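Below are structures written as structure tokens.
One chain, chain A, links the two complexes that follow: it is found with chain B in the first and with chain C in the second.
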Partner chain A sequence: MVPTILVVVVLALYPLAFSVAAALNDSSLGKPFNGWVGLENVESVLGDGDVIGALIRTTIYALAVTAVSVLAGLAIAVALDRTTRGGSLLRTIFLLPLLTPAVTVAILWKVILSPSGGLLSTVLTDLGFDGSALSPLSSTALALPTIALADVWEWTPLVTILLYAALQAVDWETVEAATLDGAHGRTLLLGVILPTIAGAIAAVALIRLVLAFKVFDLVAVLTAGGPGQSTTTASYLIFQRALQQFDVGQASVITLLLAIVVTLVTLPFVYLMRRAHA
Partner chain B sequence: MDQTTKRTGRRSRAISALIATSVVATGASVGTVNVASAASACEGVTLNVLFPQPHQGAAETLIADFAAATGGTINPTIVPYDEVAAKATLDAQSGANTFDVVDTFYINVGALAQDGILMDLSEWIASDADLNPDDFIGSVYDPYSLNDGKRYGVPFDGDTHVLFYNTEILERNGITEPPATWDEYLADVKTITENEKANGIYGAAILGQKSPVILGSSYVNRLAGFGGSFLDENGQPALDSEAAIAAAQALLDVAPYALPTPQETAFDQALPAFLNGQVAFMEFWTDLGTYAEGPDSKIQGKWGVTSLPVGGDNTTPIAALNAGFVLGVTAATQKKDCALEFIEYASSTATNLKLITTTGSGIDPVRISSLNDPSYAAFNSKVQAAAATALNGALAWPTVPAAPKLFQELTDGLSALLDGQGTPAEVLAQVNESWKAELGG
Partner chain C sequence: MSSTRMRHGRLGPIGVLVLAIGVLWVLIPLAYLLSMAFMTRTEVISGSYLPATLQWENWQAVVEAGIPRTIGNSLLVAVGATLITLVLATPAAWAIARHGAGGKALSAVILAPWLLPPIVAVVPIFVLLRVAGLNNTLLGITLVYSLVNVPVAVWLLEGFVRRLPGEIEEAGTVDGAGDLGLLLRIVVPLIAPGIVAVGIIITVLSYNEYLLASFILLQPEVHTLPVAISLFQGDRFAHLGRIAAASVAGVLPVYAVAVLFQRWLVSGLTSGGVK
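This part shows the complex of A and B:
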């Protein structure tokens, strides 16, 4: 009991209390509690279009990235599950992006996408196109989807490996019984196997969602939040306010707002998990 | 050596990659600098110094020379340049108090002073017989060290931008003189890009990544050129002035002709492009001159450098004090005497001269005597002439405690401008209003 209480206090209550206290004070990085300001920071943050924009952008990003990762991860996991030859080699290859540090992933994508001398630009130029004209990271419309692509590439292997493990735990007597009853192919997958691992899918989606909400390294290296504010996510904004502008008060308010948003968005996933396990 | 290299894509990493692995002493070697007094407070003392990564070469030189001169040991911690202030602050705020000396970007001095991280050095500077503060370059000294009437450090690296150009590309395109105005610059860049883009050659590299030191510097170069300023005589924001808007327009106008794309161009894209002969013009710190003649450069003997162009009614080149570093002593140090001895040593004429004549040190002149020393001129005459002109009068960035926030807001606005979200007048009016709110105007 005592260790549990300690864990809750150290990992949850203290940071929460610190954030709330810092949010209600004039808090710089060097002097976190420099005078009570009440809700001044909250009002300032709620009136800041950049903050609201970042929270909405991050939520949409996280949901989209989670959907794509889970669908792609599930498809790959099913394919791996049905692979009889070279399965271990394929699993190792699929894990490579996951083993690569996030900053390295970001640099890799930057090298691929650079319009002046990048891999993609060079290939396009060699094919007779204007490679320098393709610069997704400079485009308001394409920059965030491009970061999402890198994010999906990096984290889908985690989804894959977790869902593959869930598939391995499926009771094959049930599957065999369904097969004897005439279920095959898509019917077997959608009607028997996926419902069996629905709880695992919900759990994996929840993990992926939280990872997506936290996206920082890719943004920092690929775009620094630009062009304009088009890729400024909540985590990057918190970093800027706290560690570049030294305004810990505002950074704390944004952190608390992000915690509320993450809680609200993840609640349906928690519900699905419980329902699947019920 | 404790190194933190979490962030990449910055000037430091690019420079490190470009200058090979070792620091090469040049023909203008000054030898080991020995300016310390016989009775050193640093004998047997280990001093923890926080350096930005662009100063790694300087740190290596200082470690050896300071030990020889005083018997003291420098234990450097090297972090990305934009993390120095945060690291120093967190070190003090956490109670760890690891660092004795901090080598920080000067616009952070106000914030560090306000948070009690740096020691007030006013009395020491006024009373120290050997420091000779009158020898610090005038346009650098006050902006770098002065905050609210007190001095919190001594200049260490006098960073200003000048305009570098590739003589071969200019010659190929019939351009006989480097541009004197921003209009001429735009015309030259446009001509070169239109003529040579198909071969991967561009008129300019514009550092436009959304970071205050990168995009902010590119804008401030033009703001200075058009004779603008950040604040008016009453200390209120002046970013809605005619000069400020013209400066933003000049940045916007050249972007389509620059190395693609300005929004993605930071040090690690611009430097290789210039040193490989891929771009004709680049605004950069004066120490690029040493790299242009370095072993990794493909433009040795094919480059020139001049003052930044002017624009509007302004006819006098004015340098922008982009970046620039100060050595401060932490308020919590237990080794104050040695820390003071070290910053005096590191900012002395002899040390500054040695560092500015050492390839890869990352250090530019901070003293009149070193700037005008014949050995600096002999080491790199083109850069010396441009630096001397540039530092004659310079536009400093605001150093108030809110400066980091002000520059992030300006950078956000400029990034939006390059992204086509509004006109220069609209964007700067918005930034001006947020500056007013921040400064309580």
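This part shows the complex of A and C:
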């Protein structure tokens, strides 16, 4: 079994080791390790307002998307857990967004929000407004929330499915005992059932958070980071630096910075998860 | 059945409302995409909910643009990669779950790269493939996917191995089976449902992957579906109806999976996710 474990470890560490090495060297796309520069890349990245801006933007985006996904996903999971008929059909429907390629999810929303003949503009026009005036993807204020909307559509079903499974696994004797103590309805849900699956909720929030931090495909297809830098998330910035400006050294530093930010932001969730399981 | 149903409470009007909103939220965008796939250019631009008559010219354009071949490429790559991933990941998952190989640290190491955006892997993989002369080949992207998905597969499979009662393997050891025999003759048949479930998930992940494919596959004849779709939507001659048709064609294989394997998908997703 040792060889397969070795393969797994090498696979896991190769990108990380490559990033650290590239960060400390003058690295372009053609020549990754072009001479040692020490912390020069780190210094220039830390002084770069675009990088800091993208990291802050990504963090806010990830937290907001996670909050919406977890709340909506939990509500649907609780309802799904109580269905007596049609559960299988409903689960299949809720799996669809999860299985849709992100590129297609992006196109789906592009089509809906298109100012010339999209669903939103058609509905607005029928209601007597000027539908063609609204173009969320070319607005600095609305572009990122629009990507968030597509992101929520794509990944909330994962939250639903995972929390649904957690609800199905709740020990029914605990719930029974609480019912005998007079808990029912909302009290039962908020006071007994949700605390029982708190660990699962923290775990799912963690998964969701990491997925949101990594958003790339939606940005690439919907806005290419614009207008301005309003949708330049960390992943997209890394892509621009590495594959459009060919500065792999700087891209690697941003990658490592992002890893640190993700770790810091997710730590409270890891703590919650551990405490719930203890 | 009735007792299990009573336990978490009844589905009240709020619950029904939540489910109704959820279903509409998922289905309306998809229904609109499907409807648009059958519209003429004029209908699209003037803003319509449904096509007056079903137009097949969008679909003809999709076939002419070679979308079916890219779906074939994607399926080939996804299935091939999944088979290799499972061969690598199953023994690793067993070793970690059963023998505690590597301890807690190993589990952390395996999941660490998942925290990083996949863009990190583009440059190192690109360099590796260039050295191996596998850029722009379906074999190259198959190998990349098969390796990239190993950590996720190990993570998901581990949950299934842990649920096996240990005595079964002990009995096998007494019968004198070696590690490999034990794995192939006892463990694999017992966790076969888990292997299938994880296999389906990994296949879908590979089928949908865009970032790596868009850098490794530059020639049209090796494009996978997500790459082809993203280029198709950027083409200014392709109107929204055609883009919608291409998108619908591309998701049909994965939606078939959802309908046929819903149970397996749910069990595979939940084994690793919330343990």
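We take it that the second predicted complex is superposed on the first by the 267 of 278 C-alpha atoms of A that agree within 3 Å, B and C clash if a C-alpha of one lies under 4 Å from a C-alpha of the other, contacts with A are read in each partner's own complex, and residues count from 1 in each chain.
Convention: a contact is a pair of C-beta atoms (placed from the backbone, for glycine too) under 8 Å apart; a residue touches a chain by one contact, two chains touch by 3 or more.
Predicted model only: the values in this text are computed from it and were never measured.
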Joint occupancy of chain A by chain B and chain C, clash or fit: clash
Touching partner for A:Pro101 - first (chain B), second (chain C), both, neither: second
Chain B versus chain C as contact partner of A:Ser230, first or second or both or neither: first
Which superposed partner A:Val175 touches (first chain B, second chain C, both, neither): second
Comparison of chain B and chain C by chain A residues contacted: C
Which of chain B and chain C A:Ser28 touches, first, second, both or neither: first
Partner chain(s) touched by A:Thr187 [first = chain B, second = chain C, both, neither]: neither
Which of chain B and chain C A:Val221 touches, first, second, both or neither: both
First (chain B), second (chain C), both or neither touched by A:Asp247: first
Touching partner for A:Lys110 - first (chain B), second (chain C), both, neither: both
Partner chain(s) touched by A:Ser135 [first = chain B, second = chain C, both, neither]: first
Single chain C stretch clashing with chain B - from 117-125, 189-197 or 225-233: 225-233
Shared chain A contacts, counted only where both chain B and chain C touch the same residue: 29, 32, 103, 107, 110, 114, 116-117, 220-221, 243
Chain A-facing residues of chain B, complex: 6-9, 82-83, 85-86, 89-90, 92-93, 111-112, 114-117, 197, 200, 202, 209-211, 259-264, 269, 273, 278, 404-405, 408, 412, 415-416, 418-421
For the chain C and chain A complex, residues of the former touching the latter: 4-5, 7-11, 14-16, 18-19, 22-23, 25-30, 32-33, 36, 44-49, 88-89, 91-92, 94-96, 99, 101-102, 106, 109-110, 112-124, 126-127, 147-148, 150-151, 154, 179, 204, 207-208, 210-211, 215, 225-226, 229-230, 233, 240, 243-244, 247, 250-251, 254-255, 257-259, 262-263, 265-266, 269-270, 273-274
Parts of chain A lying in touch with chain B, wherever the complex brings them together: 28-32, 50, 103, 107, 110, 114-117, 132-133, 135, 137-138, 140, 220-221, 223-230, 240, 243-247
Residues of chain A defined as touching chain C within the complex: 1, 4-5, 7-9, 11-16, 18-19, 22, 29, 32, 72, 75-76, 78-84, 88, 90-97, 99-104, 107-112, 114, 116-119, 121-122, 125, 131, 153, 157-158, 160-162, 164-167, 170, 172, 175-176, 184-185, 188-189, 193, 199-200, 203-204, 207, 210, 213-214, 216-217, 220-221, 234-235, 238-239, 242-243, 248, 251-252, 255, 258-259, 262-263, 266
